[in-house]
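Given below, in the form of structure tokens, are the structures.
Shared between the two complexes below is subunit A, which has subunit B as its partner in the first and subunit C in the second.
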Partner chain A sequence: MLEVKGLRKVYEDTSRTVEAIRDVSFCVGEGELVCIVGPSGAGKTTLLKCIAGLLAPTAGGVIVEATPVVGPPPAMAVVFQEYGRSLFPWMSVHDNVMLPLKQKNMPAARREELVRDALAAVDLKGVESAYPWQLSGGMQQRVAIARAVAYEPHVLLMDEPFAAVDAQTRADLEDLIRVLWRRLRVTVLFVTHDIDESVYLGQRVMVMSQAPTVIMEDVAVDLPDERTQLETRSMARFGELRKHIYSQIQLAKQGWRPPAG
Partner chain B sequence: MSALGPLPRRIAVALALPVTLIAAWWITSAGSENFYFPPLQTIVQTFGKLWFSPHALSDVVPSLWRFSVGYLAAAFLGIAIGIPVGASRNLRNVLEPVLEFFRAIPPPVLVPVLILFAGIGNEMKALVIMFGCIWPVLLNTVAGVRALDEVLAETVRSYRIGRFARLWHFTLPGASPLIFTGLRQALPIGIILMVVSEMFAASDGIGFALVQYQRTFALPEMWSGIILLGIIGIVLSLIFRAIETRLLGWYHGLRQSQRAG
Partner chain C sequence: MKAAQASKVRAKSTARAFVWLQGLGGLVGFALLLEIVPRIGLISPNYLPPFSEIMAALFKEMTTAVFWSALSDTLEAWAIGLVISVVAGVVIGIAIGSSRIVRTLTHSTIEFLRPIPSVALIPLAVLLFGSQIQSTLVLVIYASFWQVLIQVLYGVQDVDPVARETARCYGLGTWAQIRYVTWPTALPYLMTGIRLAAAVALILAITSEVAIDTQGLGKQISDTESGGAVAIMYAYIIVAGIIGVIVNLGARALERRVLAWHPSIRLDAADAVA
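For the complex of A and B:
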């Protein structure tokens, strides 16, 4: 489904070069929900942008649905870290969700239906005609998610989407992602720096080292598929997993990296 | 903003000074024997006779026509050139020195040159107006395109939004606050050049009429012509304001919500 092979990314300016990603390889199966955690500045956004075809890798490459990525792949949607800035301030909520659909060849009625369903799925009925800046941060984030959902992507990339919302909204949005993922059978790659969030959401958690980045560990999350904030988070296994990942991140911050190969 | 209070009071505040000035002019000039400064009453009577007659149309209509053609051509060209220039650093590097040079030329000096190419007809005047008005529009469009939000640009790219939709739904609205700044700056320039170009070589127009009155020492007529130009300026800027309020409503709302938040 999605394959990253020997990816390396070096930012080169006239003044300095930054090796953000050294060597990252992994596979994501169809319909999987994989979380990526790593310390700030680990190159998570860089990795996501390479997968999204927004940045050209320095070496290696990405394959999505059997096609090498050279530009943004057709069946992919990205929810950006700076969600507030990713909504068009001159368009209503409805038009923001609609715009990408206009590129798709389908009857107008079907488009309207997709917009309506997506906004209903993120619990945003009744604000269709509002401008994004008239909404709260959590609502804006849900508009960005609705836009991605309405697009009917096969792959959904999310970059720290809940970093700027309050704890309660965050818990709600996490559950929303689980619900949407299970309902739409979409492949999700979810970047976060929150260890609890990664364990709660993911089927797998990939721990990234500091830049220049390699993958420290690929942890399988063997928690039941049915997850609720209260129960799942108080399971013994949840605690073990988060402790394990926490120690990995501590190692990463101290600069430890897995032996090459 | 909020200190202004309700609408009737705002109107009263806006009109207070103009009314006082007119009253002062009216009273001090009443019964004036000074040939150069006739009583305002005489000027107003002349104004009514002169500019509300069918004959007046033969001067006002050509002027407004030249202004409209020149201004709208400048607006169109300024935006059409400004968008690719703003989007491409290479184009900017090539064009900037040339643009700076042309911008430094005071437009009225072009009148004699343009008479050679375009004669003394409407084309010449519209060209002079266009040449003066294009710079603020062009430079502000370039700045507006350069200031387009990067996250929004990546959103457009990742949803594979096509060229036309990109221009219409992203580039133009995103740059529109600065484009409107340029258009507003061009408004008085256009009026000045309209009058100046008609003073040089013309057989009709407000500028032509003013020179005629001055040469024949028709002082009340001359003063009333100057007042007419002032009124035209105000009406044009009111029309402009109405259009801007409609098209940039989102921008003012966004700014206000950013200030509040």
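For the complex of A and C:
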């Protein structure tokens, strides 16, 4: 479904060279929900931009649905952390969600239906004609998620989408992602720096080292599929996974790296 | 939230009315000064007739066909020149601004041409078109085009990288990106450019009429001056000033309408709560 092979990214300009990603390889199966977690400065955003086709890797590559990525893949939607900048302030909520659909060849009635369904799916109704900046942060990120949902992607990339909202809203949005993922059967790659969030959301958590980035460990999250903020987070197993990943991140921060191979 | 927003809107419009009143007070004071200075002989009424005489001359002049055709000639040259400048500034600005190479290549040329005063082109304009409207247009367009171009160039480069990446991720092509991302981003800059260009265009239209005798208010000013009709001359100068004020108010009203979504004009959710 989604395959990252030997990906390397080096930023070069006239004065210096920075190796952001050394060697990253992994696969995400169809319909999987995988979280990527790492310390700040781990090159998470660089990795995500390479996967999204926004940035050309120095070596290696990304394959989405058997097609090598050279530009943004048509079956992929991205939700950015900076919802305030990713939503267009000159367009209403409705038009923001509609805009990507205008680029697709489909009947107008079908477009309207997709916009309506997507807004309903993220529990936003009656704000179609409002502008994004008239809404709270959490609602704005819901609009951004609705825009992604309406696009009918096969792969959904999320780049620390909830880093800028308050804790309560964040919990609600996490549950929303789980619900949408199960309902739409979409493949989700979720980047975060929050260990709890990665364990709560993911079926797998990939722990990244500091830059130049490699993958420290690929952790399977063996928690039940039905997850609730209250019960899941108080399970003993949740605590164990959390502790394990936390210690891995601490190692990463100290500069420890897995042996090459 | 709604009530807070409404009260904020009210507060804004009250503040605006107050500013208007102050501005009006200033004008009345200035008119009084113009009345008194010649009357007490500080300046000879031969050079500066009292304000009341100027106004009387103005009302009388307004009944003549000469006045109205001069007014419409000036406005015509102003409007045609402004439209050409804005269209050219937008098209060329987007074309240059969208490519870094073209931007670098044209930068020094623009910085060389831009400071050349339009009036320096008067001999050239006369040589080419004599005292026809085209001469006025050359000066008007040369002066106002740069105002628009420079603003559009800044605006085009101000596109938020996150907005750009969002557009690319969601499959917007070059044209769709220009229309839905670049254009709205550049719009606030363009509005500033239009406001500046509208004022400059008016200045150059009248300058050209005074200097090269093309038809319009400026020609009336120089004709009445040489004919010794000083009060009428001042009347035309006042008309030129009034047009300037109206142009500026119009440009600001347009700005408020077109940019209702922009942070400088909109009322944020955060604003309404505060």
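Simple rule for what comes next: the second predicted complex is superposed on the first by the 261 of 261 C-alpha atoms of A that agree within 3 Å, B and C clash if a C-alpha of one lies under 4 Å from a C-alpha of the other, contacts with A are read in each partner's own complex, and residues count from 1 in each chain.
The rule we apply is simple: contacts are C-beta pairs under 8 Å (C-beta built on N, C-alpha and C of every residue); 3 or more make two chains touch, one makes a residue touch a chain.
Values in this document were obtained by computation on a predicted structure and should not be read as measured data.
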item	value
Overlay on subunit A: subunit C relative to subunit B, clash or fit	clash
Which superposed partner A:131 touches (first subunit B, second subunit C, both, neither)	both
Contacts of A:80 with subunit B and subunit C, given as first, second, both or neither	both
Partner chain(s) touched by A:185 [first = subunit B, second = subunit C, both, neither]	neither
First, second, both or neither for A:151, with subunit B first and subunit C second	both
Touched partner set for A:72, first subunit B, second subunit C, both or neither	both
First, second, both or neither for A:16, with subunit B first and subunit C second	neither
Subunit B and subunit C footprints on subunit A, overlapping residues	49, 52-54, 71-72, 74, 76-78, 80, 82, 85-86, 88-91, 99-100, 102-103, 131, 133-134, 151
For the subunit A and subunit C complex, residues of the former touching the latter	49, 52-54, 71-72, 74, 76-78, 80, 82, 85-86, 88-91, 99-100, 102-104, 131, 133-136, 147, 151
Touch list for subunit C against partner subunit A, complex	160, 162-163, 165-166, 168-173, 176, 180-181, 184, 187, 261-263, 266, 268-269
Complex interface listing, subunit B residues touching subunit A	149, 151-152, 154-155, 157-162, 165, 169-170, 173-174, 176, 250-251, 253-254, 257-258
Sites on subunit A touched by subunit B in the complex	49, 52-54, 71-72, 74, 76-78, 80, 82, 85-86, 88-91, 99-100, 102-103, 131, 133-134, 151
